[in-house]
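The same chain A turns up in both complexes below, where it pairs with chain B and then with chain C.
Moving on to the complex of A and B:
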C-alpha cells in the first residue's frame, strides 16, 4: 500500500453571485491519490472540474466560498487555514496549480529567472541569486528545457515553450501535488505532447508526488493518468482505472461520454458518435435524486426522487447510480448506448 | 454523397506572401488543389502551417499574391463588393470562435432573416419567413420560439455554433468552409455539431472543407484528407490511406503526437506501479 498524498473528504464549495444566490459547484467530493499516482478528471464544461481544482488549493477568494470538508495533503489538513497562511505555507510547496492560460501569467517585461527568484524569496528562501540560478539551471536541464530560456523574456518564447517554462517555475519548490487544469488545450498536438512528457518527467524524477490532470479530452487523459474520475454537476459519478473507465464504463453518463471519443485508428470511422441531449442542471437549485436523471435514457421514476450515494465497487472503482452494476451491464448489452433517439 | 465528380473549387499555384524583402513570410506556397462537389475535405496541419490563410483566400477575405482560384469551373471574380456578395452566396464559413462570429447588436431573428434575404426571399410574406426560420432552427434542434427576441450572446457556445449551422441551412451554399468549428466546445456537444454538419451535407449536397489540427476528427468526418506543412500540401488522398498508411514523414509525426487509446504513449520507465 502506497502512502496517500492527497486525501479529500466530503469537500463542498459554492459560489455566491452578486445577486446573493448560491451556486453549489462542488458537492461532497471525496477521493484519494496515492504517491506516484496521477488522477484525471473528466466531464463536460460547467461540471465543476475547474472549481474543484481551485477549491483543492485551499485558497478561497470571492465569489468562491468554502462550505465543508477536509483536504489533507501529506498528513496535513489545509482546509481550515487563513488565505495568508495558505499562500505562504501551502501554495508552491505543497500544491501547485497550472491553469489553461498559464503562459499568459508571465510578465513580458521581466526575464524568466526573475520569476524563479520571486517564487524562492516569497517562500522565505535564504539562497543567493547565484545559488538560485544554479538550481534553476539544473532543473531546466533535467526537464529538457534549454538553459538560456532563463535569460529570455516571455515574448521570445513560443506557446509550448511558455507553457513548459511556467510549469518548471511553478514546480521549482517541488510541491507534493500538481494540479494541471487543461494545460495543453490551447496548444497544438506536437507542443501538447512535449508538455505531457514534461509532466511525466516531473513525476518520474520525484519532483512532484502526485498529479491531478483536468481535461475534457478523453484520449489525452488515457495517455496521461493512471486513474480517471468523471464529474457531473459537481459530484463524482464514476471513478476507476483508465482502462476500466475508457473501455468498460458502468455509469450511463460515463458511457455516453466515452462514446464521443475520436481517435485516428482503424475501425473508428464507422462508429456512430453518441451525443447526450440536454444541458447539465442548474446548480443554483441542484435537483433532488440523481442529477443525471433528467438526461438519462435509463432513468426511472425512482431515480428522480431518491438521493444516490457514491458506492464503492471492488478494485478501487466506484459509481453513483441507483441501479446495481449487473443491471446496468444488462442494459448496455443491446449494443451501443444511444441517447439520440429522444 | 454525390456520384458525379464535378470540380467545384480548384486552384493553381496559389501563393500568399506577407511582408517584403527580408521580412518576407511565405504563408501559402504555390499549391494546387481540386475539390469536388459533395466531397468532405479535411486540411490538417499544425498551427502556423497556413491553414487559416488558405481559408481566408478561398473566402476572399485576403488577396491572393499569386495564382488563380476557380469556382464552379470559372475564374473567380471578386473585384467589386457586389461580385463578392454574389460569390458569398455560393461559399460560406463557420469559424472557430462562435462568441466573436456574431454581431452583438443584431438579434437572432435578424441573423436568420438576413440569410433569407440574401437568398432572394426579401419579398416573401412574413408567415413564410417565420416558417423557414422555424424549420432551420428545428433542423439543428434549437427551439425557435425560445430564440426569438434573444441576442446570440445569450446562448451557450454549442448553441451558437448550431445557430451558425442553421444559417448555412437557410443559405444553402455550394461550399462550406469550417475552420475548427468544434475546437472551442467540449467533446459531448462536438458529436452533435458534427452529426448536424454531416446531415446538412447530405441534405443540400454541399462540399465541406474542414480545417482542423485533430487527426481523429479529420479521420472520422472526411472523405479526403490534405496534410499541410509550412504552406504546402505534403500528402493528400483518401482518409483511410492517409491516416492508416501515411507516407510523408510529417504525417507520421503528426499521427504519433495524437493521443490514442489502443496504442498509448510510452514515457514511463519501467518499475512504476
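Moving on to the complex of A and C:
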C-alpha cells in the first residue's frame, strides 16, 4: 500500500454571514489521498467543493471558520497550528492552491518574478534575488513556460498563460499536495489541454506528491484523476475510482449527475437529457436525515428522518445512502436513472 | 545604425510612448481651447470696462467732447477699436512674449506683473494643502478599510460630512470659530498689515501664522473626499482574487497590505487628476474669504472692476496650472500602473 499523503478526518467548517448566521458548507468530510494519486471532487454549484478546498488549507479568515476535524499532510496534523505557523510552514510548502479565478490571481501591478520573491521571502528564504530568479527560470523552463514571463505583468499574459504561470508559482516550493479549484474552466480547449498536461508533468516530475482536482466537468475528471468524489450539500455522497464513478455510480445523486453529462456523439440531440429536479438544501439549517431526500426519486419516509452514515463498500468505494447497494442496483434496471417528472 | 533604428522603432511602438504621445496631444489641444475660451468669455461679460475706468479717472470732467476723446484714446490704446479676430491674434502673439496686456483697473501695471506677485501665494498655499490633504485622506481611508469596525464607524460619517461642506462653508466655519470666536488665528491677509514684505524671521513668522486657517480649510475638504474614495477602493482591493491567492501562498499580511495600498491608490491618482480643478476652484474661494493675497482675491477684484485683461490673464494662468497638474498626474499614472501600457495595444 502506498504512503498516505493527505488524510482528512471529520472536517467541518462554516461561513458566518453578515447577519451572524452560520452556513455549514463542509460537513464532516473524511478521505485519504495516497502518494502519486489524484482525487477529483465533483458536484453542483454550491455543494461545497470550493469551500472544501479552502478549508483544507488550514488557514481560515472571515467569513470562513473552522469547526472541527483534522487535516494530516504527510503525517503532520496541521489543524492545530497557529495561523502564522500555517502561513509560514504549511502554505505553499505542504499544500498549495490554484484558485478558481486564476485570471485575477496575480497582483496587477507586480511583475511575476517580484511576486515569486515575495513568496520565497515570506517562507524565510535566505536566497538572493539572483538565486531566486535562477530557480524560477529553471522551474518555468522545465514546465515549458517561457522564461521572459517572469519579467511580465499579469496584464501582458493571455488567459492560458496566466493560468499556467499561477500553477508554476503555486508549486515553486514543491508542495506535497496541490489543490486545483476549477483551473481550466474558464479556458479554451487547447489552453485547457496545456493546463492538464502541466498538472500531469508536475506529478510525474515529483514536484507535487498528490493532487485534488475540483471541477463540475465530469468528463474532464475522468481524464485527469484516479479517483472521484461526489459532494452534495457539504457532504461526500459517494467516492470511488474514476471508472466506477463514471460508468457505475451507486448513489442516486451521483447517478443523476452522471446522467446529466453531454457526450458529443451521433444522436446526442435526440437523447432526452436527464436533469435532477429541485435545488440543494439550505445549509443554514441542514436537513435531518439524508440531505438529498427532498430531491431523490427513490426516497422513502425513512430517508427524511434517519441520519445517513457514509458506508465503505468493497473495492475502496463508499456511498452515503440508506438503501444497500444491491437494492439500489435493482432500482436502476434500465441502466440510467430517470429523474424527469412524468 | 541598424541597431539605433530598431531601438527607435521599439520606443515608438512601445505602449508607454503611445500613452505619452496621446496625453501630450490632449494637453496641447486643451491648452488651445483654454486660450480661445479665455479670450472670448470676458468679452461676453456685460458692462463696459472703459466706462468704468472713465468714471474713476475723470470724475470731474463735464465736457462730453473731452470725455469722448479720452474714451477713444483708450479704445486705441487697448486695441478695442480693431475687429475681434485681429484682437485675438494680437492677444496670442503677445502671449508668446509673456505679455498679457495692461491692467485696466491698475493701469498702467502689466497684468503679468500683477499675476507674478500673486502666484507664489496661491501656489504656496494650494500645492502643499492639496498634496497633504490627499496623502492624509488616503492613509485614513486605508486604515478605515482595514479596521472595519472601530475607526471606520467614526471616520466614515465624519468624512462624509466634511466632504459635503462646500469650500466657502468650510472657510467661513474656520474663520468664525478659530478666527473670530477663539481668536487663535488672524482672520484675513497673508501677513500682518503692519509689515512690509521683506526677508526676516518676523515676516516669515507672520506668514506662517496667517497660513493656518486657509491651509486647513483646503486640507480638511481634501481629506474628506479622498478618505471616502480610498476607503471604498481599499475594501474593493481587499476582496480581490489576488489578495486571497497571495494569502494562500503564505505571503505576510504586511506585504499584502502594501499590495492593497498601492493598488487602491491608483484610482485615487486619477481621482485627483479629475478633481484638481474643483479643488483649485474651492481653494480660490478660500483665498477670497481669508483675504489671502493670491490669485483668487486678485481675480475677484478684477471681476468687480471689469478688468478684462486681468481676468483673462488669471483664468488663463489657473487653467494652465490645472492642465499641467493633470498632465503630470497622468504621466505619473502611466509610470505606476502597468495596465496603462498594455491597454495601448488594444
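Convention: the second predicted complex is superposed on the first by the 332 of 342 C-alpha atoms of A that agree within 3 Å, B and C clash if a C-alpha of one lies under 4 Å from a C-alpha of the other, contacts with A are read in each partner's own complex, and residues count from 1 in each chain.
As a convention for this text, a residue touches a chain if its C-beta (ideal position, glycine included) is under 8 Å from a C-beta of that chain, and two chains touch if they have at least 3 such contacts.
Because the structure is a prediction, the values reported are computed rather than measured.
Participant: Could you classify chain B and chain C on chain A, in the superposed arrangement, as clash or fit?
Facilitator: fit
Participant: So, A:96: does it touch chain B (first), chain C (second), both, or neither?
Facilitator: After superposition on chain A, A:96 lies in contact with chain C alone.
Participant: Given the overlay on chain A, how many degrees, to the nearest 10, lie between chain B and chain C at the CA centre of chain A?
Facilitator: Between the chain B and chain C centres, as viewed from chain A, the angle is 70 degrees.
Participant: Given the touch rule stated above, what does A:105 touch, chain B (first), chain C (second), both, or neither?
Facilitator: second
Participant: Of the two partner chains, chain B (first) and chain C (second), which one does A:166 touch, if any: first, second, both, or neither?
Facilitator: After superposing on A, A:166 lies in contact with chain C but is clear of chain B.
Participant: Tell me which touches more residues of chain A here: chain C or chain B.
Facilitator: With both complexes superposed on chain A, more residues of chain A are touched by B.
Participant: When the two structures are overlaid on chain A, which partner does A:261 contact: first (chain B), second (chain C), both, or neither?
Facilitator: In the superposition, A:261 contacts chain B only.
Participant: I'd like to know which partner A:246 touches here: chain B for first, chain C for second, both or neither.
Facilitator: After superposition on chain A, A:246 lies in contact with chain B alone.
Participant: Using only C-alpha atoms, work out how near chain B sits to chain C after the chain A superposition, in angstrom.
Facilitator: 8
Participant: Please output the residues of chain B touching chain A within their complex, sorted ascending.
Facilitator: My answer: residues 46-47, 141, 156-157, 185-192, 194-195, 213-220, 239-240, 243-244, 253-255, 257-265, 267-269, 272-273.
Participant: How about chain C: which of its residues touch chain A in the complex?
Facilitator: Listed in rising order, the residues are 240-242, 244-252, 255, 259, 262-263, 266, 336-339, 342.
Participant: Residue numbers of chain A touching chain C in their complex, please.
Facilitator: Per the stated touch rule, the residues are 57, 59, 61, 87-88, 90-93, 96-97, 99, 101-110, 115, 118-119, 122-123, 153, 155-156, 166, 169-170.
Participant: Can you list the chain A residues touching chain B in their complex?
Facilitator: Per the stated touch rule, the residues are 2, 36, 44-45, 159, 188-190, 192-193, 196-197, 200-201, 204, 216-220, 222-223, 246, 256-257, 259-266, 268-269, 273-277, 279, 340.
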